[in-house]
Amino acid sequence: MNTRYKDIIGQIYREVKALPADGNVADYIPALANVDPEQFGIAIATIDGEVIGVGDYQSKFSIQSISKVFTLAMVIRHMGDRLWRHVGKEPSGTAFNSLVQLEWENGIPRNPFINAGALVVTDKLMSLYSHPKEAILKFVREAARTDDIYYDKNVAVSELEHGSRNQALGYFMKSFNNIDNDVDSLLDVYCHQCGITMTCEELARSFLFLANHGINPHSGEQILSVSQAKRLNALMLTCGFYDESGEFAFRVGMPGKSGVGGGIVALIPGQLSIAVWSPRLNKYGNSNLGIETLERFTTYSGISIF
Amino acid sequence: MNTRYKDIIGQIYREVKALPADGNVADYIPALANVDPEQFGIAIATIDGEVIGVGDYQSKFSIQSISKVFTLAMVIRHMGDRLWRHVGKEPSGTAFNSLVQLEWENGIPRNPFINAGALVVTDKLMSLYSHPKEAILKFVREAARTDDIYYDKNVAVSELEHGSRNQALGYFMKSFNNIDNDVDSLLDVYCHQCGITMTCEELARSFLFLANHGINPHSGEQILSVSQAKRLNALMLTCGFYDESGEFAFRVGMPGKSGVGGGIVALIPGQLSIAVWSPRLNKYGNSNLGIETLERFTTYSGISIF
Amino acid sequence: MNTRYKDIIGQIYREVKALPADGNVADYIPALANVDPEQFGIAIATIDGEVIGVGDYQSKFSIQSISKVFTLAMVIRHMGDRLWRHVGKEPSGTAFNSLVQLEWENGIPRNPFINAGALVVTDKLMSLYSHPKEAILKFVREAARTDDIYYDKNVAVSELEHGSRNQALGYFMKSFNNIDNDVDSLLDVYCHQCGITMTCEELARSFLFLANHGINPHSGEQILSVSQAKRLNALMLTCGFYDESGEFAFRVGMPGKSGVGGGIVALIPGQLSIAVWSPRLNKYGNSNLGIETLERFTTYSGISIF
Amino acid sequence: MNTRYKDIIGQIYREVKALPADGNVADYIPALANVDPEQFGIAIATIDGEVIGVGDYQSKFSIQSISKVFTLAMVIRHMGDRLWRHVGKEPSGTAFNSLVQLEWENGIPRNPFINAGALVVTDKLMSLYSHPKEAILKFVREAARTDDIYYDKNVAVSELEHGSRNQALGYFMKSFNNIDNDVDSLLDVYCHQCGITMTCEELARSFLFLANHGINPHSGEQILSVSQAKRLNALMLTCGFYDESGEFAFRVGMPGKSGVGGGIVALIPGQLSIAVWSPRLNKYGNSNLGIETLERFTTYSGISIF
C-alpha cells in the first residue's frame, strides 16, 4: 500500500499547506496558546502493519478530546451496555445545549463525546480502576505500541485552573446523582487525560483496533468485541466533531474524533486509520487543515464507508 | 445472493413476527390510524438486479417521511451545494428543538429530514418544477421502475386538515424569508409527497441508486453524482431517524430513512437496499419491528459500513 | 391638580425633548416607518375628570400592543377566570422564548401581552362577539369618551402582509387546540386592533377605568370588577413591557403598557393615568423618551405604588 | 390599627387553618423535612411600631430565600447601580431557565432572587465585608430589633452537603468571570444565610424599612435611599416568588419574598409588613397557606398597591 497512500498524502500535504492560514489555535490555556500554528503532519496506519507519514507527523501535541475515545473503550469493555443508562448516544444538537440539554434530560448527557458525557465516562472509569491515571496511560501505550506516551502536567494543571465550566458540569450532574466520585478528583483525572501528548504516528496506530473489528492488529488482543467496535465507530461518526459532526460526515464520511489541540484521527473499517495535526481551529473547534486533509483523502483515494 | 439473504430475512421474519406487540400505529389522521397493525413485510434489492421479499412486502403503505429522500435528491441534482444556504446538515438534537432551533438559527432548519427542513426542500423543488406533484411522481416511478405509484389523496387531504403544526413551521420560516412560495401551496405539495403509497419491494428498488454511486442500476442513469450520493447517505446516517438517529447508527449502522407509516428503508453502499414495513411505532416515531429487523439483518449477515 | 402636574410635565417635556435622539422608529411596515420621529406628546387624565397635555398630545398614532389591554378587559369581563386556562399570567422571560415557551408549555402562552397570548385573547373575543371589529371600536370609544377613533386600514393591511410570524404563532397554537377560530380571520381582527389610532389624550382617558377600580369615571359604568381591575394592573406591571418589564417596574414602578408605535400608557391606581408618545424605540421595542418621561414623572411627583 | 388588623388576621387564621392540608414540606435536607407541617403563624408590623400576631408567630423557622432580600439590601446600599452589571432585573421566565438562561446570557443571572442571582449578590457582599457571616447577622438583627437571631448550623451544613446544584451555578458563573470569590467560600456564606432562623414577628419587623421608604422606623436609620427601597419593592413584586411571581402579583398584589422553609413576608408601602409561615409548599416552592393568607388579607382589608 505504501506507494499509493504515500503519493496521495504527499500531494495533499503540499496542496493543503499552501492554503491561506485560517483560524486560530486554542487560547484558553497558555500551554495550548503557545503552540506554533504552522505545524502540520499526517500519518496513516494500515491494519496490515504499515505506517507512513508526512510533515510533522512525529511531533507530540496535546490530544485533548481525542482521549475521550480511549476512556470510552476502556469503560465499554468492562461495563458493556450498562454504561448507556448514564450517558446517551444521540448527537447533541447545538453547542449551547451542553447545559441546557443536561437540565432538560435530568443530568444524562446526550453522548460520550461532549464534555459532560466524557466526564460521566471518566467517572465510571474511576470506579473501575483503583489507579485510573496509570490505567489510562497503560491502555493508550498498548494501543499505540510504545511506552513513550505521557501526561503533560503543565497542560493538566492549566486545564484544572481554567476548568470552572467543567466543574459546573460535574457538580450539575452530581446534583442529578449521575456522578459517583468526588468532583475534584474526577476533574483531576479528566484534565490529565486531555493533557496526554502523542504524535500523529502514535495516534494512527492507537486507533487501529477500531478499524480492525476491535482487535489490536499487532498483539492480536481483542480489546472490544466486534459489535462494540462497530458501535464505537458509529458514535464517532454521529458525534465525534462537536456541532460539526453532520458536516464532517457529509464532507468526509469517516468515523473520527477531533481535539482542540488541532488533532483529528479517523478511520476506514477494515483498512486503515489516519491522523492529522494542524493547530488552527475553525469556529466549531475542529482543525481547519485537518478537515481539508481528510476530505481530500477520501476524494483522492476513493475509499469511503458510504 | 438470493439464497443467503432469502434465508436470513426468512429467519428474521419468523423471529421478529413472534415478538410481543409493542407500540402503536400513527393516529393523528384516520387514514393512518386504520391501518392493520399486524402487517409486516421485508424486501431486499441488490445492485445487480435481484429482489427478494417476505411477508407483506408487496402491500402498499404510506411512505410519509421517506419521501423526503426523493425530494432532496431531486433538488440536490439541480441546485447542488446552493441548497445548504437554506437548510443545514446537522442532527437536530432533541425533538422539541423543531421550532426552538428555528428561532435560534433564524429560520434555517438543522437538516432536510426534520419537517422544517423538508418543507424548505419542497419549496425549492416548487421553484424548480412548474408541476411539482407530477415531477415527484415521475421521479419516484423511474427510481422504482414501475408506473404503479400514486398519491393517496385521502391521506394528503387528511394531512392538510391536521397540518397546523406544519403551517406554523412554514409561516415561521417565511417570516425569516426562507420560504419562497406560498405556504398553502407548499403544504399541498408536501402533504401529497407524504401521502405516496409504495410497497417494500418498490421502496427497496427505488433506493438502489443511492447504494450504487448515484446510478440507477436498471437504466444506467446517473441520478446523482458519486459525491452527492455518498453525502446523501451520510445525511441519512446522521439524521434519518428523528431523535433516534444516533441510536439507529449505533445499533444498525446503515444509512436509512423512516416514516410514520411504519416503513424504513436502508442500504449498504455498493451492495443492496432493504425496506421493512410494520406499522407499530416506538416513542420516536420509528417502526419497532423495522428497527428490530434491520439490527438482526446486520448481525446475521455480518455486513456493515463500520 | 392641574397646576402642579402641568408644571411637572411641562418641565419634563422640555428636559426630555432636549435629550440627544436615540433609537429608531419601528420599520417593519411602511406605515410605521414613515412616522416623523421627532413627535412627542404627554397627556395626564385624573379620575376626577381633568385632562392636561403638552406637545403633540392631540396627534393620532398607532397604538399597536396597547390594544391588548382593551381586548383583555373585554374578554375578562365576560369570561372571568376561565380565560386563564388558555393563557398564563407569568412574565415571559426572554424575548426569544416566544415560540420556545409555547412548545414547552403545550401551546399555552405565558401571558396575554406577548403576541401569542394576545392572539388567544382576541380568539376568545371573536367567539364572544359576532362582529368583533365593531365591538372593539365601540369599547375603546366609550372608554375614551369620543367617537373619533378608527382603524387605520393602511396599517392593518400592512401588518397582515408582514404577519408571517403571527400566522406561525396562530397555527402553532391551533396545533395545540388553543385557537378556536380560523387563523386567517383571527389575524384580520388582530391586525385591525393593532392598527387603531389614538392620541395621548384619548389614551390617557381610556385607561382611567383601570385607575378607578374598574369604573369609567365619566359614565359611572363598572367595566371590570374591583378585583379584575386590580389584577389587570398587576399583569401590566409584571408583563406590560416585553422583556423590559422588570426594568420598567424597577425604574418607573407604574402598571402600564407600551406599543411599537411609540406610545406608552401607565397609571397610578386611585389617581390618574398618563400617556406618552415618542416614536423612537429602544432595543426592547419600547419608546425611549416615553420611559424617560415616566421615570421623571414618578421622581418629580413623588407618587408611586411602591 | 390593632383592633382591625387583629380581627382580620384572626378570621383568616381560622379560615385558612380549616382548609384541607395540601402540599409537602421541603424534603431535600433532613433539617427541613422534619419540620412539623401543621405549624402556622401570621404577624403584622406597622410602620408606627405596632406588632400583632396569631398562631405560631413566635416560633423560629428557616428563612431560606427570604435572606436574599437582606443581602441584596446590604449590597445595594454600598454598590448602588453598579451591582446591575452583574445581575439583571427581569423575571426569569420558566423555572428550568435557571441554567439555560445563564448560558444564553453569558453568566449574568436574570435577577437577584433566583439562586444564581443571589449567589452573585453574596459574592459581592463577601468582597465588601471582611467577615460576611457576622455582617449579615448584624444587619438582620438591627432590622428586626433583636439580638436573638442565629444561623442554624445544622441547616447550613446540610445545605452544603446537598449543594451540588448551587456549586454548579457558582462554577458556571465563575467560568464567565461573574464570581470574584472562591466558590467553596461563597457557598459556605450562602448556605449560612439560607439557614438563618427567625419568627414571623421578627420577619415582619425586619422588613419594615422597605415599607418605610428605606428608613428603619425604630432607629430612624436610613438603610436604603427612598429610590432604592422603592426599587427593591418593585423587584420583589416582579421576581419574588420564583416562577409564580406573576400569579402572586395577580392574586395578592403585594411586594414580597418567599422561602422553601414555608415563610413569606410581604408589605404595603407606607403602611405595614406581614409575615406568614406554614411549611407545606405548592409545586412552585411557595407556602400554600401563606399565599391563601395573603390573598385573603388584601381582599378583607381592601388595601392594595393596585
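Quick notes
Chains here go by letter, A, B, C and D, matching the order in which they are written, and residues are numbered from 1 within each.
Assume a residue touches a chain if its C-beta (ideal position, glycine included) is under 8 Å from a C-beta of that chain, and two chains touch if they have at least 3 such contacts.
Computed from a predicted model, the values in this text were never measured in an experiment.
Chain copies subunit A and subunit B are related through a rotation whose angle, from the C-alpha fit, is 180° to the nearest 5.
Centroid distances from subunit C, each centroid being the mean of CA atoms, peak for A.
In a homomeric contact, the two copies may use the same or different surfaces; for subunit B and subunit C, over half of the interface residue numbers are shared, pointing to the same surface. Each chain gets one centre point, the mean of its Cα atoms, and the points for subunit C and subunit D are 32 Å apart. Spacing of subunit B relative to subunit C, judged by their CA centroids, is 48 angstrom.
Here the CA centre of subunit B is 55 Å from the CA centre of subunit D. Contact of a single residue of subunit C with at least two other chains is seen at positions 104.
Of all residues in subunit C, only 88-94, 97, 101, 104-105, 110-111, 227, 229-231, 233-235, 237-239, 243-247, 249-251, 253, 255, 269, 299, 304-306 touch subunit D in the complex they form.
Residues 96, 98-100, 102-104, 164-165, 167-172, 174-175, 183 of subunit D are the ones that touch subunit A when the two sit in their complex.
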